[in-house]
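Below, subunit A partners subunit B and then partners subunit C, in two separate complexes.
And now, the complex of A and B:
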């Protein structure tokens, strides 16, 4: 049974695309046939993060308008077997996405993949709505600061009311919270909300916490999903996230300030 | 002229009033007078203070046959100290009732049953999920109960009371149709705005000491009071 998973947040710049790329790569690495779809028409980024920007010929909008077949637009990832990407169009805007077109493409992708990951644009307008509308599950990415948390709260409300599942009165979209750019030092100083604060406000199952990490920027610049950087804290945190997402259990890591000293080095992760 | 004088002199000696009263209903399941007498005596023996002298309504609706000796039944009841006052059902007409010294209660005399009552006292609307930023929930014609939190940027409204069992961080407006007796109750007051019947207060003006505490909001005259839910608690502990 294939699943459509939207990665969304409301606010921009919190790490949606990084997360979509990392989770898609992680799922594929676990043997799940996975496609990741960039819904950010006009502000295409996912191809960069996945390092396939030079191989884009056709895009999402071309397929919707019938200029290309779905298979011509899908790009297979060279590093991870079973991972494909459907890039967004850079020259168009969100109005180029039609309700029926999106529905048709997602249905077609469902046939061939175990997971269809939709990388939502920021905001709550048309693009974000279309990315979330067909979702079975949602990963809501938030940063530990009030404006991001409030936007996530808003998005969670929309997931509960304006998705296909909500409109058809089906079982609601399964919601997961992913807290990214988490910095325990700043949390300790009171400059950032803690995991507990955020969970208290959002009341959603916590899928994982990704620490603020230089590795994310490095990976993104290199065009590689950070999950493939297995030595990095962020890469390991995303690997934990994928395991949890597939039903496995992993303790949450990178929540406490890393202490200097032998014990800190041994147990601090 | 004489008429007006006589009217002035004759001050009213009684008033007629319609009143709801509670009657013990004796729902007859048999026409057998002696069996009834035996069991009624037993019942009155069990609770003499409650049943002796109590006005009773004879209900014949459960009987399949209308062939019943009303006079005998009422005689038995009066002998045992009960006071039968009226009868209903069983096809008894006013004449037969009068013969037995009873009033006749028809369906018209009775108050409407609960389930037929109009929706004015409707059951509260219960919301089990958290109310998220940007969501608006209005309990029209009833109270609103929210089991989760009300997020900042969310709005809950009710014609009646509002109860929030999670933290109240958004806006809450009770009595939006103008009911001044409506109140807001919450377990943790962190609201952006609270309002009762159009009188409102923004969070800036809410007492800091109440922030995050269980609180209620009520209207007294023109003044909106935001206060702890259990204002009696300190007094209580002094006494006890």
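And now, the complex of A and C:
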């Protein structure tokens, strides 16, 4: 049974693309055939995060408009077997993605992949709506900060009312919360909303917490999904997320301030 | 003051608890509005207009509230008329 999963947020810049790339790579590494689709028309970035920007020949819109076949546009990842990406178009025409075109392509992808991960653009306009519309499950990415949490709640409302599943009165889209850019030091000082605070406000299943991490920037500089950096905190946090997403159990990590002993403080740096 | 209080106080001195309280209020307010028919705000405006043909009332005089129960929805209209003496 293949699944369409949207990674969405409302607010921009919270870590959707980072998350879509990491989770897609993680699922593929677990043996799931996975494709990640960039819905951010005009602002293609997923290709950079995955390090395949120079291999883009055709894109989503070319396929919809019949200028290329789906297989010509799909890029196979060189590091992870079973991972493919469908890049967004750089056109400035926001209406280039049509309802029927998107539906057709997602149907075709369903045939060949276990997971279709949709990287949504920011906002709640047409592009975000198209990315969410066909979803079976949704990963709502939020940062522990007021406007992001509020926007996440609005997005949860839209997932419950404006998706195909809602319109057809099917079982609702399964919602998950992913809290990213979490800084336990600032939480402990009372400067940042805690994971408990956010969960209490949004009341939705917590898929995971990703710490604020230099590893994310390093990975995107290198064009590699951060989950492949297995020694890093963010890489490990995303690996836990993938395990949980596939039904496994993992305790939440990286929530508390690491306390170093005096030697750690002197030598650990 | 115990150690636990000390830590609690320290965390309350930060701005996160204000953020949480504000979010709880706005999110519950927005959830209550959500899912309601899109015409509610317009309905309220038009009702206000009609009421104002007869009495002078302020913007807050007409309240429209949608309640959901198991098997039905009720629309509650609340129109506050000004004091007769005034």
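The working rule: the second predicted complex is superposed on the first by the 259 of 269 C-alpha atoms of A that agree within 3 Å, B and C clash if a C-alpha of one lies under 4 Å from a C-alpha of the other, contacts with A are read in each partner's own complex, and residues count from 1 in each chain.
FYI, a residue touches a chain if its C-beta (ideal position, glycine included) is under 8 Å from a C-beta of that chain, and two chains touch if they have at least 3 such contacts.
On a predicted model such as this, the values are computed, not experimentally measured, just so you know.
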item	value
Partners on subunit A (subunit B, subunit C) - clash or fit	clash
Which superposed partner A:248 touches (first subunit B, second subunit C, both, neither)	neither
Partner chain in contact with A:201 - subunit B first, subunit C second, else both or neither	both
First (subunit B), second (subunit C), both or neither touched by A:13	neither
First (subunit B), second (subunit C), both or neither touched by A:154	both
Which of subunit B and subunit C A:31 touches, first, second, both or neither	neither
Which partner, subunit B or subunit C, touches more subunit A residues	C
First (subunit B), second (subunit C), both or neither touched by A:193	second
Segment of subunit B that clashes with subunit C, given the candidates 37-45, 55-63, 109-117 or 145-153	145-153
Doubly contacted subunit A residues - partners subunit C and subunit B	150, 153-154, 157, 161, 200-201
Residues of subunit A touching subunit C in the complex	145-146, 149-150, 153-154, 157, 161, 187-194, 197, 200-202
Of subunit C, residues touching subunit A in the complex	10-17, 19-20, 22-24, 26-27, 30-31, 34-35
Subunit A-touching residues of subunit B, taken from the complex the two chains share	129-135, 148-149, 151-154, 166-167, 169
Subunit A to subunit B touching residues, read off their complex	150-151, 153-154, 156-158, 160-161, 200-201, 203
